[in-house]
Amino acid sequence: MSQVLQIGVIGTGNIGTAHARSLSHEVSGAEVAWLFDADASRAADLAAELGAQLAPTVEDLVVSSDAVVIASPDAMHAEQALLCLAAHRPTLCEKPLAPTVEEATTVVDAEVDLGRRLISLGFMRRFDPGYMALKSGIPAVGRPLVVHNVHRNTAAPYGLETALTLTNSAIHEFDINRWLLDDEYTSVQVITGEPGPRTPDGELDPLLVVLTTRGGALVEIEVFMNAWYGYEVRCEVVASDGTLDMGDGSYITRRASRQIGHDVPELWLGRFEDAYRRQLQAWVDATHLGKTSGATAWDGLVATISANAAVAAIGNGAVRIDIPDRPALYA
Amino acid sequence: MSQVLQIGVIGTGNIGTAHARSLSHEVSGAEVAWLFDADASRAADLAAELGAQLAPTVEDLVVSSDAVVIASPDAMHAEQALLCLAAHRPTLCEKPLAPTVEEATTVVDAEVDLGRRLISLGFMRRFDPGYMALKSGIPAVGRPLVVHNVHRNTAAPYGLETALTLTNSAIHEFDINRWLLDDEYTSVQVITGEPGPRTPDGELDPLLVVLTTRGGALVEIEVFMNAWYGYEVRCEVVASDGTLDMGDGSYITRRASRQIGHDVPELWLGRFEDAYRRQLQAWVDATHLGKTSGATAWDGLVATISANAAVAAIGNGAVRIDIPDRPALYA
Amino acid sequence: MSQVLQIGVIGTGNIGTAHARSLSHEVSGAEVAWLFDADASRAADLAAELGAQLAPTVEDLVVSSDAVVIASPDAMHAEQALLCLAAHRPTLCEKPLAPTVEEATTVVDAEVDLGRRLISLGFMRRFDPGYMALKSGIPAVGRPLVVHNVHRNTAAPYGLETALTLTNSAIHEFDINRWLLDDEYTSVQVITGEPGPRTPDGELDPLLVVLTTRGGALVEIEVFMNAWYGYEVRCEVVASDGTLDMGDGSYITRRASRQIGHDVPELWLGRFEDAYRRQLQAWVDATHLGKTSGATAWDGLVATISANAAVAAIGNGAVRIDIPDRPALYA
Amino acid sequence: MSQVLQIGVIGTGNIGTAHARSLSHEVSGAEVAWLFDADASRAADLAAELGAQLAPTVEDLVVSSDAVVIASPDAMHAEQALLCLAAHRPTLCEKPLAPTVEEATTVVDAEVDLGRRLISLGFMRRFDPGYMALKSGIPAVGRPLVVHNVHRNTAAPYGLETALTLTNSAIHEFDINRWLLDDEYTSVQVITGEPGPRTPDGELDPLLVVLTTRGGALVEIEVFMNAWYGYEVRCEVVASDGTLDMGDGSYITRRASRQIGHDVPELWLGRFEDAYRRQLQAWVDATHLGKTSGATAWDGLVATISANAAVAAIGNGAVRIDIPDRPALYA
């Protein structure tokens, strides 16, 4: 029997707490040993709940743990990832790898220098049963030509900022469509109309993002942060012999009050809870085998490049996406 | 009791025959009295079937009939519409009003000169129960911001020609989205990728058309002429408080051979048969009242302008759509 | 061109008015010439609206009309049908043919004596696009073994009376399942539980009706008169190689207020409007050809026998359904 | 941090192997330490795969393990459960508790004598996300009046035997409907028609089972062992203010070959895989807390009583279901 991994979790906000609880209660082969948060009392509460210990610093956490989960604010991801690499710790880093291309590049460079993949990136949709079924179904419908994506939030969770819509929300689509198609983007444009009524002055919502790929597919993304009716993610792959359309996997149809239908969640956890669990289990399993799982640091860099290109494209027509040559480490 | 309209039908190909049969068998207040087709024997067969008479010329048909249906080849619509206007005959003209903006303009000008609306244009989707439910539901979901349209043919019915995709197929979407939104287009772009495997050399398929409107909405249309799996038209209106998504109104779910699902038709008649009947009934009713019904010659002109702008936009980014001032006759 | 049938309509309540309007405005080859209602002023209003004349008596109406629609209260159907037979008038009689087996038998006997089928019975579901697609799909899924029917009303339209639930509402299922299966019933039982909260004292609702057929199929019907959420009719045919499940043919999916779904109507007209129109058109067409269409007087008798057997079965386990030998007239 | 439970698994057939793998790879807080199977080489292969040890006898396995999973043939469940009770080991016993009421009663009696609940019964549907959503949604639709269940197998997995259909397949519905309604059955009848074409001589398939409950609800179950098209379980709760209908939680709609739809699995694991994992996790969690989870031995006894009553009811109309008084241990 393999030993149980002692995990350190950096950040005990919503997502860090969810990861720590899932590791403790739903994942085989791991337990949460160490926690760190800038808000020490928040971390202490969770440590008490889970029987974990508080680390005085991120550095302490990293060296004390067998493997690390980074769930701190976005701006700190790259720096902490570098710490983990320096300590040779397998690491699951929440998306994005970094908000800027420069920072994301430093992480990839460090990992390439190390010559060994240690970072798994938290694009959890790759572990969602819906997206997995979508990807596995593609060969049966031919060559993908167009992908229609819908990403709607009930309301912008942290206030609506157009650039953030692309770098924080649509970044999931930037990653998942590459993965679905096994292809790279070549250009992006962002098409906008009159903003919806809940959009702050000077911001835009919804956005229509259209990407082209090396293989010649078109990837369209509607991102709508104040969709109001609920949280929903859809994806239709239009291929040469048929299409595949991913819904929400709802089990229940309710008939009530002159309506037949089903609920949509208000927040993303209601949709992707199981993807988070599967991602953690896959990461723990891979770590036991000395491997990474899911998205790599390279995938994180490409997503950041794509999202930043989209920000640059607002109001500027189609702009090129320049992906550097892929290092051999990520072949 | 109102008298029964004596209808003349020009053109006895697929659509003309369908119209003539529907007028004879399913529509109240009208009967098919006269038929004309360049292929006189084809017309004679249908005349025998329906108890109608053969007109020796289009001119004869027009003056002999109370009202006229134009179902001849596209290139002849405008000229025949002018004949009907000259004879003051209420006319239901199949779409398009004309392939070129110039010809379509002559019809609008003639009708404006006449000072009386006589032409109804055969954009039958305006009478489809699906689209009608879609339009009537919009107020309950707020202000429309984006419309996603899908228009897929099993295979290009008359060979695939990219311009024809826009002027003959997508023209339905050019009309129906204006009608849905009660708005006018301001620009159009046509985004293309690597063509699908059944696309002839030099042609493009599928196309992603994106229109902007005066009101600030975005209208997106995927037109896919060789979609292969079947004929399908969908439309989702994304509004500020919710969305409305139009499917195919299928009644039956079949479980067989490890699948749960329903059939899609191979051709459009399987989807829009009832729309055609309702269009004819509405036109006959309107004619009895001295009115037109559904789309006007003006709507036909705008659709032709829009489709031709889309053709010009292929490979050229977003291009403006210039709609002339709307004559008072069509206010 | 065939002449236009002059139709007389007996009864100008909800359903009679709907039939008269549909005949006037949506049906080819007929017009409403005569109306009769015990409430003469109600009939006069409709006559004015449709340009029809008032008949002083039912007898007058029958002899003045080419063909007759009976839409009077159920208890009068048989007597009026006998009048129409005596006058040799093609007749579309609303369901039921009669509330009692005795009365229904007199009509069948009279028609058999006449030696000519003149009566079409208004089981309009046989003309519903949903049921027609269901029936035509059966051969592809094998031999039918079980049929699950759901018949739910928002609220009992005329107060809830258990016997009436069977003879007035479920009678539609008694007819349509025979037609779907091309088979005859052999027994019926009515299974009941604790009544729902809106059920009057002494009455039962919902009911679970289970019929067996000569061919060995099981037909189950849930009838629920106070289902509260809306009006809905469903039917699933479970066959040896697959199943067919009939829904409501809704076109629109609405996303709003944390829900994805579609509306159900409050009343049956919202579901079966088109079936009524098609039934009338088919009847007018058949009448022009000297034939009947849809259900016959015989079918009406069998439905009444079945519904009355079900009433007798309440609280009595399974009871036999005895169908007399089918007269050659209805072979 | 809680210690890791050392689990012993009796039986390494399909379901025992699935449980052992899931405990090893997907469940937190447990590992598979001991395996036993009458076929020692099959057990040895799995032991090698999972790093577990082979127990020479069931008795050895029980005393060596912290907790036990019984996944042996049905006929041995009761005897092995008694062994586990004698050794005071928390036990997850696959359904059924026993094929006969007598044996099932001995287990309940032994547990009552012990005065402590140690047995959890493997009715995994109680942990299925679909059924959980169904149960949690009931309060919003009022008082349940009727439940329609569909349980279809592609083909009878071990040959079709009518009694086995009830005691081995429909037993899931016997359990889950009590749990859904929090109610007890009072009678059962089994309604049959002409068997489907793949039914062996002398056997019946499909069956329509109708149960009544103390609370007055009707529970209907269609069990169809040779449904041929695929494996499917559905459940609709019809309540006083609305209904809830459980489907299969499919994510993907495929459009191909003139069809829109989704796949159904051939076997139940494709539908209930996640329920099995959740059941194991809940059982391990409960065991750490000294509790049971999900169905109890009492629930197992009641299911066996109900299924055996249904067998007795074949060809005999409605028969009473007599549930003994519930021991205080299961209050």
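Each chain carries a letter (A, B, C and D) given by its place in the written order, and its residues are counted from 1.
The definition used in the following text is that a residue touches a chain if its C-beta (ideal position, glycine included) is under 8 Å from a C-beta of that chain, and two chains touch if they have at least 3 such contacts.
Nothing here was measured: the structure is a model prediction, and the numbers come from that model.
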Overlap of the subunit A and subunit D neighbour lists contains B, C
Please identify which chain has its centre, taken as the mean of its CA atoms, farthest from the centre of subunit A.
C
Please work out the Cα centroid separation of subunit B and subunit D, and write it as a whole number of Å.
57
Whole-Å gap separating subunit C and subunit D, where each centre is the average of the chain's CA atoms:
44
Distance from the CA centroid of subunit B to that of subunit C, rounded to the nearest Å?
37
Considering subunit A alone, which of its residues make contact with at least two other chains?
229, 241-243, 248, 250, 253-257
Which of the residues in subunit C end up touching subunit D in this complex?
142-143, 145-146, 148, 191-194, 196-198, 206, 208, 210, 212-213, 215-218, 220, 222, 224, 227-229, 238, 240-243, 317-318
Subunit D residues within the subunit B interface of the complex:
154, 229-230, 232, 248, 250, 253-266
In the complex, subunit A touches subunit D at residues 1-2, 4, 23-31, 51-52, 129-130, 133-134, 137, 140-141, 241-257, 274, 281, 285
